[in-house]
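Let me begin by presenting the structure, written as structure tokens, before commenting on it.
Here the chain labels run A, B, C and D in written order, and each chain numbers its own residues starting at 1.
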């Protein structure tokens, strides 16, 4: 089951086309991943305490329809793969039933200096409630 | 030959890791594409006058190394393909010789209402100076 | 009674000091004013339909304490004065009982072209539930 | 003589009014102050090495006219007062001769933990080239 998080579109995030700028979708996806982490006990303050960074190494994002002023969108997030030092996430942004954007994110666990490292102990188990082999894209 | 555009990293774009947040790279890439358009006579004000929008439909971005406070980076942009109503761009962000990020962007030409349309007359010729079949990724 | 709106701090809004950058407070204040407008039936889509813009002409902002990763803050907004073509707002950002920032905002109603104009009919009555002569700063 | 720094307006910073959002002016002002600091040898990386933060404690900003797509603006910055642990700056954003915005900024020097402290040794002398008793607002 994906994690879900609602975000209300902000006026200053809209561009002169009256569309949510595509970089704002990328930000919403990040916001939602961090909410998932917090939800399972690995929010950014705790990750910092434990001495871990999560660094995005790649994204593949498709923009299907525009969010606009006044919209509240839902970001769905699923952890699809955790390997030794990397994790892959799948995400979607929806407005009601309409898919506005999809994203595959590759991220790496690192130490503050940048050295790749395994996920913190207990992390894989913690996120398993939002893990899936498949998320309909 | 790619179009090049220099951008100085801004303090507020850095995150608590002291890294340029990955969404800021996506913004830099957009800034550089718009500079290319302006350079060839199709800047955003002119596109608006002509009744055209350029809408990003997909990005594939790899983040290889971090930009940090004080850095000036160079964004290289090449138009790799223009089809009837779409264009594909390839971009890189460099700090000196070091590649920090690469991006493939798919974009569509639309009318303000969202209907896909052909590129404005003369557009393909105008961008040809920055077109290429290959950009080393 | 002030309008209140909760905002969760976003990771990318934090700067290398691990503080919410001061420009993000200014954005939060705008978000909250727009929520107040929406709450009383004058959200941005309706204002656009009616042919009105609200343009910020001045802010006086004090930053008293830092928001940080994981914080949820509350933005309080009161409309303190509406004159012919201008409105003055007072706002505070709180984390629990602690005031993090205060702001006085001057804004003008304009037509899309920029010409100052009176507030739309019914506006003053609509916002009166969040109007006050005094908001403790 | 004020420090000057040119900034090209970015498309994603424009809002649906096709105006530079007022929070972006606040960001431009910050960018220019940091450029001034770098210019006199106290850029953010050096300030961090020396163990100093500069924290904005207040701004008074007036927005007089809108920047729009394609504009390049000039930010003028003058340090008007340095007291024991605080500095006051005056800034303007111009498009050619037209003043788009003015700002008075109060900032404090702190240690990373937040404790106010005197400016680093040599700082007052270094910024004196951009100091003034008067900047026409």
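By definition in this document, a residue touches a chain if its C-beta (ideal position, glycine included) is under 8 Å from a C-beta of that chain, and two chains touch if they have at least 3 such contacts.
Note that the structure is predicted; figures quoted are calculated from it, not measured.
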item: Chains in simultaneous contact with chain C and chain D; value: A, B
item: Result of counting contacting C-beta pairs for A-C and A-B, higher pair; value: A-B
item: Chain whose average C-alpha position is farthest from chain C's own; value: B
item: Between chain C and chain A, distance of the C-alpha-averaged centres to the nearest whole Å; value: 28
item: Between chain B and chain C, centroid-to-centroid distance (C-alpha), Å; value: 33
item: Where chain A and chain B are represented by their mean Cα positions, the distance between them in whole Å; value: 23
item: Contacts with 2+ other chains: residues of chain C; value: 11-12, 16, 21, 23-24, 27, 30, 44, 48, 69
item: Complex contact set, residues of chain B against chain C; value: 11-12, 14-16, 18, 21, 23-24, 69
item: Complex contacts: residues of chain B adjacent to chain D; value: 8, 10-12, 27, 30-31, 34-35, 38, 43-45, 48, 68-70
item: Parts of chain D lying in touch with chain C, wherever the complex brings them together; value: 16-17, 19, 21-24, 26-27, 30, 44, 48, 53, 55-64, 66, 112, 114
